[in-house]
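Following: one structure in structure tokens, then a few remarks.
By letter and in written order, the chains are A, B, C and D; residue numbering begins at 1 in each of them.
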Amino acid sequence: MTYRAGRHFLQIPGPTNVPDRVLRAMDMPTIDHRGPDFQAMAKRVLTGIRRVFKTTNPVVIYPGSGTGAWEAALVNTLSPGDLVLMYESGHFASLWKKLAERLGLRTEFIAGDWRHGADAAAIGERLKADAAHEIKAVCVVHNETSTGCVSPISDIRKAIDAAGHPALFLVDTISSLASIDYRHDEWGVDVTVAGSQKGLMLPPGLSFNALSDKAIAAQAGAKMPRSYWAWDEMLAMNPNGFFPSTPATNLLYGLDAALEMLDEEGLENVFARHQRHAAATRAAVEAWGLEVLCADPAQHSGALTAVLMPDGKGADALRKTILENFDMSLGAGLSKLADRIFRIGHLGDYNDLTLVGTLGGVEMGLKLAGVKHRSGGVDAAMAILAAAAPAEARQAAE
Amino acid sequence: MTYRAGRHFLQIPGPTNVPDRVLRAMDMPTIDHRGPDFQAMAKRVLTGIRRVFKTTNPVVIYPGSGTGAWEAALVNTLSPGDLVLMYESGHFASLWKKLAERLGLRTEFIAGDWRHGADAAAIGERLKADAAHEIKAVCVVHNETSTGCVSPISDIRKAIDAAGHPALFLVDTISSLASIDYRHDEWGVDVTVAGSQKGLMLPPGLSFNALSDKAIAAQAGAKMPRSYWAWDEMLAMNPNGFFPSTPATNLLYGLDAALEMLDEEGLENVFARHQRHAAATRAAVEAWGLEVLCADPAQHSGALTAVLMPDGKGADALRKTILENFDMSLGAGLSKLADRIFRIGHLGDYNDLTLVGTLGGVEMGLKLAGVKHRSGGVDAAMAILAAAAPAEARQAAE
Amino acid sequence: MTYRAGRHFLQIPGPTNVPDRVLRAMDMPTIDHRGPDFQAMAKRVLTGIRRVFKTTNPVVIYPGSGTGAWEAALVNTLSPGDLVLMYESGHFASLWKKLAERLGLRTEFIAGDWRHGADAAAIGERLKADAAHEIKAVCVVHNETSTGCVSPISDIRKAIDAAGHPALFLVDTISSLASIDYRHDEWGVDVTVAGSQKGLMLPPGLSFNALSDKAIAAQAGAKMPRSYWAWDEMLAMNPNGFFPSTPATNLLYGLDAALEMLDEEGLENVFARHQRHAAATRAAVEAWGLEVLCADPAQHSGALTAVLMPDGKGADALRKTILENFDMSLGAGLSKLADRIFRIGHLGDYNDLTLVGTLGGVEMGLKLAGVKHRSGGVDAAMAILAAAAPAEARQAAE
Amino acid sequence: MTYRAGRHFLQIPGPTNVPDRVLRAMDMPTIDHRGPDFQAMAKRVLTGIRRVFKTTNPVVIYPGSGTGAWEAALVNTLSPGDLVLMYESGHFASLWKKLAERLGLRTEFIAGDWRHGADAAAIGERLKADAAHEIKAVCVVHNETSTGCVSPISDIRKAIDAAGHPALFLVDTISSLASIDYRHDEWGVDVTVAGSQKGLMLPPGLSFNALSDKAIAAQAGAKMPRSYWAWDEMLAMNPNGFFPSTPATNLLYGLDAALEMLDEEGLENVFARHQRHAAATRAAVEAWGLEVLCADPAQHSGALTAVLMPDGKGADALRKTILENFDMSLGAGLSKLADRIFRIGHLGDYNDLTLVGTLGGVEMGLKLAGVKHRSGGVDAAMAILAAAAPAEARQAAE
């Protein structure tokens, strides 16, 4: 091992930087998951997590990755051969589709260009056309981690309703929950899928399904085989603070701490912070003369910014240059975007000066890697941050 | 919160006491799971874990609990409606059976009395009778955590072979791996199921499938729907140090440390230590005039000892007395053993003096709870430990 | 490094076992010791520590060991050549005397037999004889860590008063504070000396002087050169939450946590716990047929028990046997008690079952080392602990 | 407690950012400081620390702050009333002088302007004039933390030699050791004073005296009273891995880790990194149109940069603005520099992107606080860093 001084900059769009307070909370002896101390902690966590999803309904917590929660959302609500309408927002929507197919569902993909979120109107039209209600579920990625575009969940809900279609509405918030405004109940989502390793500021290893009454009711008719991911025993045991199989105790300690921290900062402040950092990042990209991948300003992500390489290639060489020279990890372009973009994560436990360092690393990396760009990106970002800062200082003073 | 002085005694049969070195290894910043540092660590862990299973074949590591690894073993190798032969060694065998049925498999249960491990002869006979080879897999729990009886895996392998039956052999080692001698390759097991939270000395949250070539080949014909638990992408990506979906990075840090520690102590020394502690515990039980649940001395578990209440009830009141007075958690009797037994875990990161404290807590608890017993259990255990100790001291001196 | 399974038993009479909560509190980023966050923490700690000393006066906190706090007590109150009356309670009283002499003070030692605490009457007589008030300070060790005898501080105060002598009264509570009842104000002590690594449950590295008004006033005439240990700047800056030189920030984090834990358990409960463990330990010693060093039952320490070897030697071989076979550290006999005694620490963050393990380790060690003794010590201790336990359980229930 | 997202930027000139690896090393159970595990660790640390001072002589390690090590250097080598020649490099030189006087030494201060390091020629002249050799020691601060000026230790040694003067040479490296090139043996220093909380990357709480043979010999004639700080027992016991009084065990764990990390990075690489960051910082200051306090470019510190406020005041308001808006701590101006300067620490565990964030925070703060300046500081710094980076990348590739 050779020590490299200073902290690594983990600026992929998740897993995110885990705060010390969360790491230290996890760094405590594992306890009996059938005992009273665990029970009290679990009740607190199972209640607190609802606030983050903005739901009053149950949230199911799995030991597992976000991929598992994708699977859980499908197997608890659907039957083999059911048709699922999905929207090709990018790489992760494509992976979810592939997963659905492996499980024996039929899928229909509304084509997207990987530069926009899901199109509510297109979804509405397709549902209207489905007079026989063959489509059993609509699956959308809220914040497409591979592109940095946000889908308009509330609009899609309205489109489904306008179509008078009974399909379930399943939404992936893996890279948006606790970073970008999200409202499970208000927006009428049936299953919200999430993971621990992004806005929740935890290491990976926990994943989530937030439910609606309709989703809970759908279990009865859902014939997909399921056991580990089955909600029924979770819903039966969780109210008492226990789990059907051994829970990931120490990650739950971390979640307990993270929920407390989100409460302290305030979810709306968390969202505003992410928007500010995203705006500053885009200002830097613009100053560099580069292009943000997400083509619709109304859909720019608060969690990450994907940047197009000016020559359409070289992103991986750039990322390597930055990693080796400045000890910073950035996100790669995925599948058809491979080497064409790089992604800057600015989500989770993060602040202004770390963003300045991050953008500085990108700007110096562009220079070292010989990527055509203008300097001044960091300056442009600082202008945004400095303009936003006094308000916060005033608030603190008041 | 009210502080209770001293360390809690976590003497359930898992999760076990996590060593500081493992907790501190987990208490480090999460890194990019697509970057070179992760890759080096993952390769080391994926190689090292094989030594613990005593296999040269791949071991698949999931973010998930042991229950998930049960599911994984089935869905990767079987098809809907396949018949699985299981052996009723106790509560966990029953849970695995229930899981198989929820997934759409047919199960056949060879009845057991919850006081013995699986009967190799009975399995052999049943397989001989299955001339049509309808049975596709034999599922056995190596160390039945609910009873403290060990099934003779090597004998069962021989019985399968003697029957000339092609069924796959799936074994649960959740509470035995890295505590009791186990040999995946030598014993001809096709899938070994394990979890992180017992002999591996980690918190819960990782689970494992060790594979045979036959198991790997079985994927091709296995029609159970699967995605999260599917081995194929794991087997494709793991050799390069990566995972198809986000791995539980910080638990892998812990596994990395735990593997190093098991290597330092030496697996055979680890097994001998568990046998010594089990023998000392049984000596205490005998001195108390109580009865060990496991009725066959050849099958006594090195990982836990289940003790029958002399009046056939009151185990939960006893456990409560011990928890409240002496801050020690013991395992409860499960399902039909509820309140009839208590279970003493003596596995994982554990030593002689902690066992003396544990048995002292039980002995004082028996007294306080008014359970009929003789004193002298701790003395009997100390006689065993003291007799064993000098050898170790001599070894250290050499 | 070779891993040795399970936790080391650190049963020397300090440093003591540091609770996870304290270690984790220390395991946080160091902050600006001139900033507002530090200030808030320091004020909390500087106030809270007074409760432990049972004083309303200032307590000075040094980065340093207990030895430094001995020096501080002397240099802030005395002048070169001053005569100090000390009592030979054991090794640590002798070290304090040697330190005083190195600093240029004159000392007078009332001889003791290392089996009793200080004799209040003898001190009183000597002071009465000092009509010229040549003696400027009386120095006594409250809990003599080398012998396990407690000096009657309140009685000594009365003897000083009865003699009408103006000498300052300086008391070492390094191994008693937060373990054994101690009352700085009520007992009229002028300077109480303490360290972090015993009852306060911290690692070594902080030490303390609790002051009286008379001690504070003594600074004016005290001509011993002093700077690092000087109280004046501490007393000037501490009320505002700051220190004259860089404080040991992370140890203060730990102290902050430890004070919170002592408040949660309640100091009187802490004292009762130590007395219970000391009584159980002495019961074990008696059952072994061995002799406790401290000859006066009224002076038996709640923090440690020193045990005489039956043949007057072999204690170090015994301790080595126990360390190698059972991974437990015990305290050695010091200077003239070398090899003649071993010392069992039962102070700090400690509970019944750990004591049972500790005494089990001693009993097995006596056997392995071939020390003449009777068995039954652990049983005798358990009888004490079990008898005491129900009360605690009842309290918890109420 | 209200959570503030992201990591605090601790950019005072020490205590510095403690790396996770050091914090986690400290976060382990305290062990018996008289036992074999401690002994092995202590020997390793006591040997390793010599490499950092570049000495083959003993280094004494105290539980205590740097102030204590100042005191130790004086009391082990001097006698009451001895004359000490000191150089007024700034605030910390003044504090050391004050400390010497409190201890009963006579001091003579060569006046400085707080914008330069010590003047070797002036020291040489004063020594030449001291034909009677009344001056017993020359005390110099290597890196004056209050000003950011480095004194030419090697030149001063030559000046002392040229004067043929037998005075001891005592040097404070509290904020330079392990950050700026320093050579105890080669430069002929008799006592080097250091602390744990700067380049050694530890929390405060340990301090150091590196010795020369001459310093060791000086003990014999030195009549200052001493006990805690006395070298004699340290020098007697340390070779065997033990300490005369209880050492700060957990801080020594941290030191063990820090020494390993410094070895991994390589001391010369550490120095080069500090010089690069200092150069980048000065480039930013110049771009802002502000002035670096240190007036001699040859004496610019690699560890910190002090910046003059353009209007001669307002530094504290600026620091407050930065702390409240950007969660960064900067160093204040001390005594006669109060409010006139602010100090940017860039030492210890630190890297390029954190420096970019730091300078970004200063630049935004200057703007928010209305301090007259030009923008472009961060850009200027990035130009330096980017120019330096490729070399490093090439080295890594080789």
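Note that in this section a contact is a pair of C-beta atoms (placed from the backbone, for glycine too) under 8 Å apart; a residue touches a chain by one contact, two chains touch by 3 or more.
Quantities reported herein were computed from a predicted structural model and do not represent experimental measurements.
In terms of the distance between Cα centroids, subunit C is separated most widely from A. The centroid of the Cα atoms in subunit A and the matching centroid in subunit C are 53 Å apart. If you average the Cα atoms of subunit B and of subunit C, the two centres end up 45 Å apart.
Subunit A and subunit B have CA centres that are 35 Å apart. Across the assembly, subunit D contributes 7, 17, 24, 27-29 as residues in contact with two or more other chains. The touch graph of these protein chains is complete, with an edge between every pair of chains.
By the touch criterion given at the top, residues 1-7, 9, 17, 21, 27, 260-262, 264-265, 270, 273, 321, 324-328, 349-358, 360-361, 363-364, 367-368, 375-376, 378-379, 382, 385-386, 389-390, 392-393, 396-397 of subunit A touch subunit D in their complex.
By the touch criterion given at the top, residues 20, 24, 27-29 of subunit C touch subunit A in their complex.
Those residues of subunit C that touch subunit D in the shared complex are 7-8, 10, 12, 14-18, 23-24, 26-35, 62-68, 71, 80, 99, 102-104, 195, 197, 203-205, 224-230, 244-251, 323, 329, 332.
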